[in-house]
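Presented sequentially are two complexes of chain A, the first with chain B as partner and the second with chain C.
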Partner chain A sequence: MNAPDNKLKKVAYYPGCALEGTGHAYNRSTKALGSALGLELEEVKNWNCCGAMEVKNIDPKIQTYLSSRVLNIAANEMKHDVVMAPCNGCYHNLKKAEYDLAHDQGSRDVVAKLSGKAGHQTYEPGKIETIHALDWIKRAVGEEGLKQRVAKSLSGLKVANYYGCMYTRPRHIFPEKDQGAGSESTSKPHFMDDLLAAAGAENVDFALKTACCGGAHTLSDSDTSTKLVVNIIRAAEAAGADVIATECPTCHSGLEMHQIRAEKNFGVKTKAKVVYFTQLLGLALGLSARKVGLHENVSDSLGFLKARGLG
Partner chain B sequence: MRKIAEIEAEIEASPGRAGRFVALAEEVLEIWLEAHERAATRETCEGSRLLALHRQGARGDPSFNACRETCRELVYRENLLASPGEHPDKAGASEAMRALALHLAYFVGGKLENAKLGEFCCSSRPLRVN
Partner chain C sequence: MPIHEKSLIRPENIKSHEHKVVDGIDVSGHWSTFIESRVVTDYNEELQDEIAALPGGENIHRCWQCGSCTNACTVNAINPDFNPRFWIYLIRMGMESELLRDKDIIWQCVSCNKCTYACPRDVAPEGVMKATAHWLELKGHTKPSPSTAFDEVFSHQVIETGKIEEGRVIRGFFARTAQPLNQPWLVEMVKRMVRHLPIGLLTRMGLSALVAPRTSDWSRARDAIKEYVAEQEAHHRAALSLDAPRAAAE
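So, the complex of A and B:
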């Protein structure tokens, strides 16, 4: 087990658009968890959208520019070495921009041109490290650190950890993964499992932990998204889970909303609770349900968790 | 050629039939190719026809690979079950394959019903570049 990485005690924080909207509970619980663990977040000043799906589907180099602007502010203006993005989409896009700028002259040219037009410094690859909220807690605190701080164990909670598709794909933009002991795996990610186990949860393995939730199609093709979500929830329930832990606002909202939609429109009822991993860890540290934003979730897990002495 | 809904129904009704799931996933991708007026390959990729069909359906290098990973997960478990000896993943492999095959069928089926949404999402082409 690695020693806590002190470099991560204070990092630049890039919440991204979703965490100001449907994923606000993730924003709230990430900040509350960090604070309870003695970690500091400094929000990236005047940040913009990472380019997400919509921009990327029009022109991927515009997405690279938008993400590079965020990286530039965090690295060159705020002088951070590390930027943490809890949203899988933002995390993925910052990593992709980093990769494209390091490997593709065309991307470098577009970013230099647009940065000049916008009147800011051009981001040079390698100036800052992008990490996910899972990396942050795992590396800054670690399982041992968490165990020492647990006030209310998650013991008895059977959790399926759902990572979604963007946390590990495509593999080439995550060179730090698959590096042996201590590193994250792209085929079988385990950081969320490790952290929740340290807080006392019983993890269950299920095949769809990195499957697509249909998040990108949730408005244009809702029925397909509903089917994909039901398949994920059923697989988790078949593995014995009563909670699905999430680490992406798009996946989380998709699971919550399509769980309800499946019941309303198709009469398909599932009962697993959908909770952010940051909410579960916060509860384990003794934070209140309100402090971790359980009231902001769409699905109601409050009674279920309270009955287990959490929140 | 069957409809994807029929394949979905067969997958849903086939718990424990691990040997059938890769063939059903191949059938899903054959339907995709047929709908795009392309003859499904009989070739294999890394020893698997399913992976070859995905590569054919995705046209070139997919940028994202969610469906490819679903196919690879299926093939991994097929190989695992065919290999001798104990392995912790063997116990739940059949149920996992059912869920994976269903996921592929749902996704590709959805794409076929909504043609304007493009190819597999992992290989959709940016408008400006094409």
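So, the complex of A and C:
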């Protein structure tokens, strides 16, 4: 296990659009968890949307530009070495922009042209490191550090860790993954499992960690998304999970929304609670349910977690 | 190695007869199964180049038909007709009319990137699916899909203001696709969403629905992006030998 990385005591924070809307509980719990752990987050000033899943379908290079503008502010205007994005979509797009700018002249040209016209500095690849909220806690605090701070163990809580698509795919934009011991795996990610286990949770053997929830078509092809989500929730329940831990606002709200849609439109009822990993870790550190935004989740886990002495 | 996940023989072209005698020999039942012969003459030799000219399609020429994409595909698992390997094959062969048989499902790619993860040749099949869906719409073979409507509503907001507000995107998408907002599951979700919410947060959400969040000092970026989008659209239409611009997105 690596020693805590002091470089991560203060990082730039890119919440993204979802964390100001349906993912607000993730925003709240990420900030609460950071301050409980003595980690400082400085929000990227006047940020813009990274392009999400949609802008690339209009043109992929606009997405690269949008993400590069965020990287430029964090790196060149705010002088940060690290930017942390809790949303898988944001994290993925910043990583992809970094990769494309380092490897593709066409992307560099478009970003330089658009940055010039927009009146700001062009982001040069390699200026800043993009990390996910999982990397942040794992590297800044680590399992040992977490264990020492646990006030209310998650013991007895059966959790399926769900990572979704954008955290690990495609492989080439995550050069630091699959690098042996201590690094994250793209085929079987485990950072969330590691952190929740350190907080006492019992992680179930869940085969659909990186399955797709159909988030990109959650409204445009809802029946497909509902089928995919029902598969995921049923697999988690079959593995014995009471709770599905998430680390992406789109996955999280997709699971919540299609759990309801499956019930209303198809009469398919499932029970698993959907909770952000930052909420679970916050509860383990002794933070209140309100402090980690449990009441903001659509999936109601308040009573269930309270009955276990959490929150 | 042969790939067995998709037969090139259409079911309607398989003919068998319960009672059939050919040249005095009884070939009834199983013995009389024949495949109706057909000759493909309407190749579109430009098809691969046209797909490769659209964003995402650039690497299609690298495919060697291993089938890893289809094997990994999320959508194929729930609909066997959704078959990226087969479509890439048809495009590379120039078999446009065969491709058009599946024109109404190609847009359903969920962009999970499992194919791109599995592909040993860096074809980026997810991109090829998007390019193909885009091609079908540009050529007028299909109407803009619900996915395109969503992408356009979403991107329009990003380009105009720098940010999105989810409520606005959802309302815009439902209006664009003429769906009512009062769907039982959506009503139930909103009910559950506000159940425990404190007044402060509700007010904040209400405000952001009225006054869209925006990135300040955004107008120059907005104009630069719009200009670039228009340029690219012209390039794409030229690559597909199309003239008049498509009706502007709302």
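List of remarks:
Here is the rule we use: the second predicted complex is superposed on the first by the 311 of 311 C-alpha atoms of A that agree within 3 Å, B and C clash if a C-alpha of one lies under 4 Å from a C-alpha of the other, contacts with A are read in each partner's own complex, and residues count from 1 in each chain.
As a working rule, contacts are C-beta pairs under 8 Å (C-beta built on N, C-alpha and C of every residue); 3 or more make two chains touch, one makes a residue touch a chain.
Computed from a predicted structure; not experimentally measured.
In this overlay on chain A, chain B clashes with chain C.
When the two complexes are overlaid on their common chain A, residue A:G214 makes contact with chain B and with chain C alike. In the superposition on chain A, A:E296 makes contact with chain C only, not with chain B. Judged by the touch definition given at the top, the superposed model places A:S153 against neither chain B nor chain C. Once the two complexes are laid over each other on the shared chain, residue contacts for A:N76 go to neither chain B nor chain C.
In the superposed model, A:V110 lies in contact with chain C only, and not with chain B. In the superposition on chain A, no contact is made by A:Q121 with either chain B or chain C. A simple residue count on chain A separates chain B from chain C, and the partner touching more is C.
Applying the stated contact rule after C-alpha superposition, one finds that A:D205 touches chain B and leaves chain C untouched.
Using the contact criterion defined above for the overlaid structures, shared-chain residue A:A238 touches chain B, although it does not reach chain C.
Among the options 115-123, 151-159, 187-195 or 223-231, the segment of chain C that ends up inside chain B in the superposed model is 115-123. With the contact threshold set out at the top, residues 56-60, 165, 169-171, 211-212, 214, 216-217, 220-221, 224-225, 227-228 of chain A are in contact with chain B in one structure and with chain C in the other. Residues of chain C touching chain A in their complex: 55-56, 74-75, 78, 108, 110-114, 116-117, 124, 127, 130, 134, 145-152, 154-155, 158-159, 162-167, 170, 173-174, 177, 184-185, 188-189, 192-193, 195-198, 201, 205, 208, 213, 215-218, 220-221, 223-225, 227-229, 232. Touching chain B in their complex are the following residues of chain A: 56-60, 165, 169-171, 205-208, 210-212, 214, 216-217, 220-221, 223-225, 227-228, 231-232, 234-235, 238-239. Considering their complex, residues 63-67, 69-70, 73, 92, 95-97, 99-100, 102-103, 106-107, 109-111, 113-114, 117, 121, 124, 126-129 of chain B touch chain A. On the chain A side of its complex with chain C, the touching residues are 17-18, 20-22, 24, 46-49, 51-62, 65-66, 69, 110, 113-114, 117-119, 165-166, 168-171, 186, 211-212, 214-217, 219-221, 224-225, 227-228, 256-257, 260-261, 263-265, 295-296, 298, 300, 302.
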